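Paired with chain B in one complex and with chain C in the other, chain A is shared by the two complexes that follow.
For the complex of A and B:
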């Protein structure tokens, strides 16, 4: 095992953090009258290079979206480059795995309906372990089976759950069977990787467990809204949450109403959901509750900056801060294209 | 005026034609009244559904913008791969005053989150909301397709009937009446000429009868 030079990584990530847009920069973006104005303003920030590259092929919203996405991807690749060959690489890869899962799901969905390869490629974000070349090769495969076979040939861990569930998928012709297996495996695999008492392991484990909680809560809300039977809830829930175990989650589903479920969260870290306006519960508008949960997770992620600087905490904090930043830029730009008022735009922003 | 034979036979024919045209016009007017009644009945439901559709489309568009902004367009497109499915609708036809209008099978196209084809774990509630609202919009579009097509067809038929009534009222019947009048006038004229001619002949005959008597007397 190679000892991690956190001093070097710390310095580099702090440098990258310094280039993140602060409140003033976001305010300037909000005050721009249109999407072109946002683009000009972004050219005065660290997004300049990506905006210039993207403007060759795209204009307006597509240009901003592509530039922001590419900047997001390259930031993670940069971090991976700084820790290459070190023990910390494992942790960074765990953090980036969510994009691999998303990309594999997109490829499987595309292959399931025989979508053209370029169309599938356009929907991939090569921010994870699977780079663009690997993803392109997967997209070239003729069907779902070949994609899974290729993943198995390359000994990519995600092939395991997919191979195990393929028979069921084939018999039922039901893609979610593969997706559930992949989702479950990705969280189990991540928790497996951060077993042990090391400080870095603890930091990552707590973050992943919090993410499992939030994902489960979102699933519970969906199950309640769709009046799913409580005894079937187990198959959609993930194990390994920090504050909400399966029994508690199932009891939430059994309440049968979103308001009652939120009330039952008293005493957990998620009791803040009780402050959500009552009409949200009446209209069962779960996207508003999800937004509060996302904010909670982002705040928790960004707060890692204040933990031990000579640990993986800084990288975790940076990844969440960057995610928050690109989401906010996208929200501002989209709202500008749709002529949404400034007040509504500020309501839509995730966490500034 | 077209060439018309000013005969009694022709006059009788023209009168029969006028009667038939007036009967046709009255029937078409009755059909038009019935079509108008049916048209307005459907129009009420169409305008209600249109308003509802506009409202649903607006909220769906708003949800789409929010989902595109927060979840990124690639996540949305990826979810759309999973939900991309065709659907079949059973369309039959019915007759309203002789106008064939479609009857589309009432089928609910909105699906539950378990039927959309993606895992509910990995897709955000915002994307779910977009799918839900666009499915609701699709339901209304199918509903409107039936009523709007009926409305269009009834409207078309109404226009055609109106044109027919106008053609009968403004062109055919006045033409036939003019011809009837012409024949009547011509026949009357001819009768008067005949009468005059007969009187003239009678006078000549009488004059011829009187002339030999007076010659004999002298």
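For the complex of A and C:
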């Protein structure tokens, strides 16, 4: 292993960050009347090449989706290429694994509800280690069992937790069983990889622990909404969060109401959830709270940019900033397709 | 009898300046190469930035030359 030359890599990352869409560019996209307008505007940005490539096969929303997805994937692959064979490669792989888990979950969800393969494929982001061809093969499988079997045949590590939990899933027909097993495996694996006091380890560890907190809070919200018994909560909660331990999380579930649970978050980094409009608590619209948590995570990720410039922090910050940009472009394009008003569109945007 | 202290002093002044310049250019050069790879329009600026630490070695050279003149 060779210590990475952060001077070179981070200079490239800063250059790539300079090409991210700024607030003005996003404003111009928002002000376009339709999807075609958004496409034309994107051709004036760093997305031009991907839009041109995608427009050969697709048009409208599909073209934007494909272009944005390919651009996102190539950004990840480019950074991985810079650190190939060096110490920092493991950190980038941890960040990439997030997308593998996300993609496997999407495929399992799709197979669980018997969604058509092209529909599942559209929802995937092949930014992780599982490339588009691998994912396409997984999507072709007829059911959840076949997907897990194929992962096991290819000796992909994610097959382990899925195989172990499949019996329970089959008996209860409850997909969260598999999703939880996958989350626990990936977070445990990631935390194992970033043990130690090195600065890079600390940066990654704090981000992973924050992600565990956010995942747990989302689970708590769902458990409260579904009136799940508090004693069952433990089996769906992940260990290793930064601010919320299992006892605290179980006490949140025991409150029995979303509003009371959010009030209990006072004094933690998540007390900002208390500012959510009251009707969200009354109507139990947990999607609004989930979005606030996603915004928090993105802001935390992007803020890594201001840490040590000769560390992995810049790569972490860039990848979160890119994720934010891609998500915002997709939201804008989808809102234009659905003819949603500008006011509602701005509310939908993750973090501008 | 030659006084070796003076040429050794001149050598240290020049050598340390050169090493310092090398270290600075190593860092600036790699970061500059990364920047130029992403944004070729910054090439001119990067050449200037890479050249700035040369002042260190020039200063070392001047000091060592002055020491050598003292020897004469």
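Assume the second predicted complex is superposed on the first by the 287 of 352 C-alpha atoms of A that agree within 3 Å, B and C clash if a C-alpha of one lies under 4 Å from a C-alpha of the other, contacts with A are read in each partner's own complex, and residues count from 1 in each chain.
We adopt the following convention: a residue touches a chain if its C-beta (ideal position, glycine included) is under 8 Å from a C-beta of that chain, and two chains touch if they have at least 3 such contacts.
Here the structure is a predicted model, which is why all the values come from computation and not from measurement.
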Contacts of A:218 with chain B and chain C, given as first, second, both or neither: first
Dominant contact partner of chain A by residue count, chain C or chain B: B
Chain B versus chain C as contact partner of A:331, first or second or both or neither: first
First, second, both or neither for A:312, with chain B first and chain C second: neither
Partner chain in contact with A:151 - chain B first, chain C second, else both or neither: neither
Which of chain B and chain C A:115 touches, first, second, both or neither: first
Overlap of chain C and chain B interfaces on chain A (superposed complexes): none
Sites on chain A touched by chain B in the complex: 65, 69, 101-102, 105-106, 109-110, 112-113, 115, 120, 122-125, 175-176, 179-180, 182-183, 215, 218-219, 221-223, 226, 228, 236, 238, 285-287, 289-291, 327, 330-331, 333-335, 338, 340, 348, 350
Partner chain C, residues of chain A touching it in the complex: 5, 7-12, 14-16, 18-19
For the chain C and chain A complex, residues of the former touching the latter: 27, 30-35, 37-39
Residues on chain B engaged by chain A in the complex (per definition of touch): 63, 65-66, 68-70, 72-75, 77-79, 81-82, 84, 112-114, 117-122, 124-126, 128-129
